[in-house]
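Paired with chain B in one complex and with chain C in the other, chain A is shared by the two complexes that follow.
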Partner chain A sequence: MKNPNLCTPNDHLLSRRQWLGNAVVGATGFLTQQAFAEKLAKNDKQVLFVWLDGGMSQLESWDPKPNTTFGGPFRAIPTKVPGIHISELLPKTANHMDKLVLVRSLSTKDNSHSAGVDRIQRGDPKNRGVTYPYLGSAVSKLMGPCSSGMPPYVWIKPMSGGFITKDAGFLGPKYGAIAFGDGKAPENLLRPESISLETDLARNELREKLDRNYRLARRKENSEAVTTVFDMAAKLQKRMDLFDQSKMPAKDLQRYGESDFGRHMLQALRMLEAGVRFVKVTSYGWDTHGDNFNGHLSLVPKFDMAFASIIEDLQQRSMLDNVLVIVLSEFGRTPRINGHLGRDHWPEAWSCAMAGCGLKKGMVSGKTNSLGTEVESPPHDIGSMFHTWYKALGIDSSEIEYDNQGQPLPIANEECKILDEVIA
Partner chain B sequence: MRLYFQPLFLILLLVGFVFATEPAVSSLHTKIDAMIDAKLTGKIKSPLADDYEFVRRIYLDFAGKIPTATEVEAFIANKSIDKRKLLIVELANGPFYSKQMANAFHIHFMERLGENPEWLKFLEESFAKNKPWNVMAKEMLRGKNSPENANGAAFFYSKRLESYGQNPVDYSALTRDVGRLFLGKDFRCAECHDHLFIDEYKQADFKGLFAFFQNTYLADAKTGLVEEKLTLQKTEFMSVFKKEKKEVGPKVPGRPEVTIPEFKKGEEYLVPPDLKKKVKGVPKFSPLEKIAEQLPTSENSDFSRNIVNRLWYLMMGRGLVHPLDLHHLGNPPSHPELLDLLAKEFSSHQFDIRWLLIELAQTNVYQRSSKVESGKIPEFPALFATAIEKRLSAEQLLASIMIATNQKIIIESKGAKEAELQVALKAKFAKAFANPAREPEDEIAFSLKAALFLLNDDAVLALLKPEANNLIAVLQKMKPNKDLVEKAYLSVLARKPEPLEVADALEFLSKPVSAADNGIKNLVWALLASTEFCLNH
Partner chain C sequence: MKEDSKELALKYKTKKITEIPCPVQICTARFSPCGNVLAAACFDGTVRRWDTASDKFAEMPSIGGHNAWVQSIAFHPTNKSIYSADSWGKMSASNYQDKDAKPIWKIEKAHQGWIRKLCLSPDGKFVLSCGTDRVVKLWATKDGSLVKEFKEFSWDPLALTFTPDGNSFLVGDLKGKILQIDSLTGKLIRELDASAMYKLDRIQDVGGVRCFAFDSKAEKLVCGGTKPTTGGFVQGASLVLVFDWKTGKEISRIQAPNDNEGYVYDLHFVTDTVISGVSSGQPGNGKFFFTLIGETIPFINLATMPNCHALASHPAGKRFAIVSTNANSSGNGKVLDKNKNYATNNSPINILEIAG
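Right, the complex of A and B next:
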């Protein structure tokens, strides 16, 4: 079938004139269009990006095919939206289907983890010899911090944390992620005991005075940038409660499931409440080449509890209209069940779930064939999803572009089209 | 003969005559100022920096650290008219010049890919001897210091020829880096097709450079020995747009292609390979030898233009061509005649880096203040009307904090324990202030990590403990009065405080919170964490 949405290896579509015409080279050599920047500055939309690393099986989650050759042992259950069925491993999420959009027509390119994780999170742009930013870095660049002044891109993940600059690609290290390893605060965030809060305030007040004085007679950009960073540090330091897992109410922990992922999702909710622009939560261990079904039987319910709870909480706090929720992996899993009762990598036909932020509610977009082996409706590559997410966030990906030291670059793959039908 | 009748020739003759009647040949730095000033008519130009601003700047640029309070005071007290020139020349010939330049070139050419003591030694020795840039570049491009010795200079290649895990050696990245760092041209986009909006960057340029390196390999990771395999034929390539086979031999962009010599079979090697002895063989034809011969020469204008632009950037905070690796017609220099002049003079002065830096340091452009009159908006940086603030490298920042807080023990002691401490501190500072690998440190980028480091890291706070005769200990022995504040300012910011700043500091010291928790430490901390301290302004 000829598919109008598929990325084709068409030669560079943008003409030279368009590129140069739209490029705005600012004093720093890197500015997006001023008007957009101003408009976006007033925009406090946020993102919750849930990354299921290794590849969640679409058949054991969003796109079950019970009683078929490759369907596996689990049933499909009805959801709150008549006609939409998802895996029985997601009973709590099924109750919130009226707030979700499922896209069952993902068809992407990479079937290896090493390339896929990067490619998907960078939106698989056309190769122009530059490394594109991960979605979180892109959103930090395009939208900046929220009016809260909190860091724009945080990443809650198991194991180690730190300042992860590789996510930023050509945007440069300052757009990287601050990773909270196992939800804990980054190095040096904790004030040592030798410095009291009062002393800390006093010494910073003096530092600020010095900086204001310095700035009076000089170019403002540099000292202002330093001030912004110190302010951000102060904002984050005031919210040490965000890292104190002992302060999480037992009732909430129970609802989110007493797993690492549950705790991290609860922490993500607090980060969003605190005004972080983009929160990424990673769960590892989804690469079920062996024993896929027991693997998903253990993993999916943990996801289900935390995910359903956060959707419920966002809704209850009236935040869902403002927070774009995305659940994604680097690919789906093969319909064919291998000799180890596992499923392998399958980028050809898989699904993602989304909610909030001006997306439609309670709908499924796209369709796979009866065996789940291929996408039957027009397939969508990850570039289409980037366009769609940007639209939901109020960023017009057809007009706004990056300026990489004079090299104009589209913010999403220009050969992919927006998935209009999921936008409300 | 017809030349005499060309109008252009007559004009040149006339111009030559006018210049010849001038009493003295003007030096390069006055010519530079005239060229910069020509674009500044009617613009807001900052006055020359005062002695405090100047002395801090020149120490940072030529010694890699701020001056001590004593050094500042001595300079201020010096009444000699040409004291600036004297200090410039003294520092450029001083013991810290080679270390600072080695660091600057290390950051520039390795972009935090890795460190190596032999490489740093090669750089330091080269700058100490003031080795001409074409010779240094030749050694780096040949991948050897001397025919016998691979150590040091080879690190530019050997680090880039390492392979990581299952990833193959990234020859494309090496090719790009040579183009960017030695020629000022980023051929990245020309790897797969002619550049789409920089007309003069052709795919053949990329492939021609690539042809020098495609057969190189790291023969000994320990010594960094780089060897070559046989290069027998041209490199074939094809644009992703136009499927048409092309080929090119080793070729420096803009220079003639190197002819690949033909040998009879079996006669290609100088040292034939011997599988039994695990000798891979040394080919007679060495593309590295050729690029080392052809690239760093006065005939290759890209070579001179790139380095003078980078040296200009090191001193002035912005390239005449900016970004530094995008020399092309569509991105002309802010002052084209100036770049021409610098390249020409540099090449005719035997690529003498120290000479050029001394000339640059003597310009008014360099010596201008980074301040503008209050309320006025500074001109666009490319006009160089106001000094541009520069980033301090992690190394400059560490050395400066040591000077500011007067950590004599660490500065002067050669003990093993101190050396260890120094290495650990250096690593901590690099982690907090350096960019990740492959990110050029060509703009000021202060990160949250850096702020948190200054705020709370043990390493920083440890420097604020009173010990021996360090700054805190000395200040603690003083009465909280103007002298104390002046001592603190002079030590950390290399200047005297304004009356208002004295008042602010004294008020801070008199606060109850300061008394309880040692206000002097926090006063010094605030000075160290200030923008003024963290930049080269």
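Right, the complex of A and C next:
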């Protein structure tokens, strides 16, 4: 069903063609997309997306400026890659620098959480009157589930879980995230003992029939989402082992750290091993407007333990070539240190860390000035990172586009360019 | 407010003598025992000095040689030495009266990482240090030689002081424990409970004991910190706990009414019954207060100096140096000054005197 309120291909054909630099692509796009879809269906690349909510300080992590005006109290330490230094709060990660790419040239647009989280996780597309999906939903739509058939987009987070449809934007609720609150299985996932298998099957059959009838006269998105959730539940019922924290080896728990975040990252590894396409792990509480240095002294080592461990484990399992690892926040933190010894929001010049999936290894892309107040190299907005991540995943963002009820939409901001130098 | 509190407020009313500008932020400040020098430990790896023998407050050459933040300073009680420690683990001793502040000794790696506090033994023979390496070290003041190490602290020691008899010392840690340790044997003598000053918020350890002070009779110990409610922003109500030193029992506490007020960073006994202190919380919040031991509300609570990080008490007893922060110190994004520069914040030092 087409939506008449949305713009048509003609409304932005020119800009898209300018971007593509090829007038023929518009006419052949449909066929090309089909070919891509078939190719992507065989692609079992995965994503681990670590979201440090509130904004990790780049100066206390990936881009330290020791002994400078805004550098703070900490030192920089050498890493396994000669010439690359990171904060002393990341000693374990420093030993895995040979597998990582740091981008120190992020320069984004929003310094508020409310807009920044959405803007970054949706890739800050041009405004076309639609809500773009978060990266997890986008990958879920573009690549679908892995061959495991496991839910394509899961989110391990503190506190409560549920099926989070907000992430999906215009793709429709079917592409939302299934969130495991504190890593626990969704409530009431298992069939109660009082209901027999036969009764359960009969109920599901009835539900499917009702769904089909419902769908005939209405927009399909909601009923599809309901069906999807039931399908996901059926898959997860067979993998309850993924939620059994008692089966997490004590040695691994020790390596990943005994914080909630450590446990969640260990569970993320299990999810990736089980064949989930996109695993997001969120850690809250990084908005260190006050006591930033003691805050990072407490937070970063917990991140360091878990992150270094999962990189090590992905490498040991030969999974790192297939799993794109991204560490990101909504922005960095101000160089200036406020009166509460905190750092405020700073989208001007910050960093992210990545690994795996065809990215180069052991390199830094981009550079900030000596005080960390400006990006000296060409700056990169989040749109560039989306193009880059899609490329790493085998998705050609110059060819593939969304079909939003007849409205073609680029999958990443067409004014941003791929960060070629990080692609191997 | 009780009548006697009103009288006390009049008695301890302060007037501002001057404000000493400092172009960088300051961790802490102290007057020399002779009262003629005010020293400040700064974010730019310097110890800045001012001549306080007169009210001109002329700046003296800075003491350099440190890295990153100079976090802590301490004066020798008699021999004109100042000891300074930085966040990269370096510690040094200098002659604070020298124009050039000649170094007496320095130790590049006194600790593996951030040195949080220094303190001098009452007889001046030893300087004690603690750091994020969770080690406390005892050094000889005359030559900087290491006398003893106290290891295996479970949590970061943040506050440190010798007990008045010099036979033991106190460590206040991130978890809100106060450990009394024998300086000779390293044996734990007892543990005092300041756990009100700690909270695990999500995965962040927040709070900790930040400062100590003893009264002159060694009957009471006060410690400062915050009662944290959240990490991140670090919301917390300023908190002072008062302990009976003999029994180790908490006998009273002074807690700010709201959680914007943050940490109490410095405390000082003005008399054996009156303490003064400073606090810093959300940007713009900060107090210089006087309170009577046993009361729950300060009888003076000045809020005119934002984000106070240190209180130095002049040995003559009437004058204070309060390290505050410039107004409007916070802001998301690239907030520029009137000259379009992205400038650092700074720490004005307010010199106040009891006028009552």
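Here is the rule we go by: the second predicted complex is superposed on the first by the 352 of 424 C-alpha atoms of A that agree within 3 Å, B and C clash if a C-alpha of one lies under 4 Å from a C-alpha of the other, contacts with A are read in each partner's own complex, and residues count from 1 in each chain.
Throughout what follows, a contact is a pair of C-beta atoms (placed from the backbone, for glycine too) under 8 Å apart; a residue touches a chain by one contact, two chains touch by 3 or more.
Predicted, not measured: the structure shown is a model, and the values here were computed from it.
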Partner chain in contact with A:348 - chain B first, chain C second, else both or neither: second
First, second, both or neither for A:70, with chain B first and chain C second: second
Partner chain in contact with A:260 - chain B first, chain C second, else both or neither: second
Chain B versus chain C as contact partner of A:166, first or second or both or neither: first
Chain B versus chain C as contact partner of A:335, first or second or both or neither: second
Which partner reaches more residues of chain A (counting touched residues only), chain B or chain C: B
Which of chain B and chain C A:238 touches, first, second, both or neither: neither
Chain B-touching residues of chain A, taken from the complex the two chains share: 11-12, 16, 19-20, 27-29, 127-130, 151, 163, 165-166, 172-174, 178, 186-192, 194-196, 198-200, 202-204, 206-207, 209-211, 213-219, 222-223, 225-227, 229-230, 232-233, 236, 405-407
Touching residues (chain side chain A, partner chain C) in the complex: 54, 66-67, 69-75, 88, 111-112, 158, 259-261, 283-291, 294-295, 297-299, 302, 334-342, 344-348, 373
Of chain C, residues touching chain A in the complex: 24-25, 43-45, 67-69, 71, 87-88, 113-114, 132, 156, 174, 201-206, 208, 231-235, 262-263, 280-286, 306-307, 309, 325-326, 329-335, 342-345
Complex contacts: residues of chain B adjacent to chain A: 188-189, 191-192, 196-197, 240-241, 322-323, 326, 331, 370-374, 378, 380-381, 386, 388-389, 435-436, 439, 443-453, 455-458, 461, 498, 500-501, 504-505, 508, 511, 513-514, 516-517, 522-523, 525-527, 529-532, 534-535, 537
